[in-house]
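Here it is, the structure in full.
Chain IDs A, B and C follow the sequence of writing; residue 1 opens each chain.
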Amino acid sequence: MKKLLPLIIFAILLIVPLMGLSTYVMHILILVLMWSVIGMAWNLLGGYTGQVSFGHAAFFGVGAYTAGILYQHLGISAWWGLPVCIVVLTVLSLIIGFICLRLRGAYFALATLALGEICRVTAENLVDFTRGNLGILIKERTWVEKTWFFYIILLIAAGTYIIIKKVIESKLGYYFVAIREDHDAAESLGIDTTFYKTISLCLSGVLTGMAGVFYMNYMGYIDPSIVFPLYDLSITAVMVVMIGGVATYWGPIIGAIIMVFLAEVIRSLPQIGAAHQTIFGIILICIIIFLPNGIAGGDYLKLWEPIKNRWRNKGTSL
Amino acid sequence: MAQLELFIQTIISGFLLGGLYALIGLGMALIMGVMRIINLAHGDIMMIAMYIAYGLFIFLGIDPYISVFIAAPTLFLFGVGVQKYLLTPVMKVESILPHNLVIMTVGIAMVLSNLATVFFTGNYRSIPVNYASSAWYLTDIWKNSPIELSLSMPWTLSFVIAVIITIGLWIFLSKTDTGKSIRATAQDLDAALLMGVNVDRLRNLTFGLGCALVACAGCLFIPIYYLYPSLGKQFTNIGFVITVIGGMGSTNGAVIGGLILGIFESVTATYIGMGWAPVGRFAIFIAALVFLPGGVASILRRKRLGK
Amino acid sequence: MAEQGDFIMSIVEAKNISKLFGGLAALTDVSFELKKGEILGLIGPNGAGKTTMFNVINGFYPPTQGDVFLKGRKISNLKPHAVCKLGIARTFQVVKPLQRMSVLDNVIASAFVRSKSKAQAEEASFEVLKFTGLYDDRNIISKGLSLGKKKRLEITRALATGPEIILLDESFAGLNPTEINEQIEVVKKIRTEKGITILIIEHHMKVIMSISDRIVVLNYGEKIAEGTPSEIGRNLSVIEAYLGEEHGA
């Protein structure tokens, strides 16, 4: 039964667009799926390999700009960004990896944060290339209705899920977790930690970049502050995984649902709307203190234990 | 001659700026040394201090240099509270992801900067102190000087106070028992514990001290800078660039790193252009990471051990 | 018999190894040979530089001076994973289990060095687990093991990498007498059944004396003696090193 669950969910999602839901709901679902991709990608590098990145906005933004620049300067459809971003993001990941992966501990996180910011500032300044703060606008949207956008992001999300599952179940997965658990022990066991960390980073980067390409095509407009923001993208990616379940397959998806839902609720409340980052910050602080491994990561079970025990005792004492 | 004049003026400005930057870096280095974390809320704490100084000036007419005595203790207490109630509890939590503490500081930064945006709105503010545009001129002293150099009064005052604070900190760290305990804990936590150092209290103290230092920097900056809610991030960036240049956790390195960055930014601003400052900052950050990962401190260490 | 001994090749050679950390000399001009098939003990008081020696051989630090040779090939500047692939495995004094992984997964991760597929790695892991006696515990999450079993897991993992040489760092420290006897059997089996050469650091005198063919003694980073257990037991400078001021001033 458990094994069929993902397939069942996928099947349900396939027929969702046919259920005649409002444009708004479809938009929310698309956002959830997109954030699932970002979350799963971050989880591969952070949750499984133990390399916490604060700069995933770099990958997302570069993906978005790849698509945008193809449209702007080559006049071709931004969807070509999907295959092209694989190359671009691999190169970017190798560069970022070369600079950052040699750093241990929190300095890696710091370096990725800086690189995310560098990408933002670069996009703002290379005006001839990226149109700077004017941003890139796609005048001819591929579709008016959400249906096909939904199917595309669903495909990307499903593909991401399958890729990550296959990777974690393979030698790569063992190596990634070994690196996370004990870097020195992993080295002594014949694992070229730099090489495998780089692979993890590249995979994570490419998948996040694809989400970026999708975003460009779906929203039709990007600028540096939209696709490269620290708090609204990089840190939110961390929150999605932390709240949903670190190092689990479903965690990022659960996290995406929660975070998108929360964001929408906060945005719709008139007085509180502007303070959404404050609320997110407080939520992040609470997650770290109470629920650092997330819901699917077992912390939920820890809260459940005392209740379960009380029921169990009640039963046997009779 | 004009070229020489421009160059010397640039270096002087850079030096003055660097002195202030050093204060920011020092706070971060202390926290990094003792807690082994990068305080990503550092710049936002400075921002809070600046708003306090601003408020004190607008409503009570208190000069920002006096505000140091109000803002620093306030943010010291704030820092102690944060360490005690938010950071220390997290240290004991079992989590798969490493670096919970750093993520925690990010959360704090988010809250602080967003709250400031909500309360103060994005307007740029500045403090119009009456000596803001006063300066000392070289020609006042040396009548026949071939070149003209000027020392802006607020810049110089801020620099001098920053130096005094730095010297005070140095005395504290090297001569007092508490200061030595801080250095001991930064060097070897287990040894410090065995020596009877109350590590919890020390952590609270250090984080508070780091916040107080950056609060001083904030008050010293406000006469010469302008204030807006999201400048926290910019100063956090400056803080960690300095610690990378200077060497993680090294207070000596932070001072030298601050001066280096100050001069570098001044030179970049004069010869390449103002807008390139953030880019230049990041460029030197990457260069330091790639070419000198141990920072200036590693050079100092090598020299000391006579290699 | 003695002639046959002369023909046994040295498989690892440490030549004039010095290691400086800043101003501190952890190792000074240490040379020794590890002969194929032998069990060589490395002993010395605390701080003598034994684990540093392992770290140099293993590749965690390059030697400041001197070189390490594996079957004649210089390996001094290789990283630990490369050294492992060439056939030298090691355990750690402070055990490093891959905590959130099960015993079996710990070993599978190690077995991938020599296996081409997950199935093959699993097979190899079962074999090694049965060899060291941890097969029944294979599904326990390694964080929850007793110290004795964690030390056994260190050895199991090292064996799973299919080494020719294994460096054992204080595998007996902290074990109770029963565990010690079990562990001694395992170490002996490693040589006799798998033909692996062993370099062992140990404080437990009884253990070292009973299983080593030869012993090298370090003190303050220098080699002060080398010989058979009985020779070492009678060596005055060794005795003095261990007993310190009692017999000195």
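In this text, contacts are C-beta pairs under 8 Å (C-beta built on N, C-alpha and C of every residue); 3 or more make two chains touch, one makes a residue touch a chain.
Note that this is a predicted model, so its numbers are computed, not measured.
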Chain located farthest away, centre of chain B as origin (C-alpha): C
Chains linked by the largest number of contacting C-beta pairs: A-B
Geometric centre: closest chain by C-alpha means: A
Intercentroid distance (Cα basis), chain B paired with chain A, Å: 33
Inter-centroid spacing, chain C versus chain A (mean Cα positions, whole Å): 43
For chain B paired with chain C, centre-to-centre distance based on mean C-alpha positions, whole Å: 48
Sequence positions of chain A contacting 2 or more other chains: none
Residues of chain B touching at least two other chains: 96
Touching two or more other chains - residue numbers and ranges from chain C: 100
Touching residues on chain A, where the partner in the complex is chain B: 46-47, 50, 52, 54, 99-100, 102-103, 105-107, 109-111, 113-114, 117-118, 121-122, 125, 180, 230-231, 235, 238, 242, 246-247, 274-278, 280-282, 284-285, 288-289, 292-293, 297
Residues of chain A that touch chain C when the two form their complex: 169-171, 174-175, 177-178, 181-182, 184-193
Of all residues in chain C, those that touch chain A in their complex: 58, 60, 79-82, 84-85, 89-90, 92, 96-101, 105, 108-110, 112-113, 118, 121, 157-158, 161
Interface residues, chain B side, partner chain A - complex: 36-38, 40, 86, 89-90, 93-100, 102-104, 106-111, 113-115, 117-118, 233, 237, 240-241, 248, 275-276, 278-279, 282, 285-286, 289-290, 293
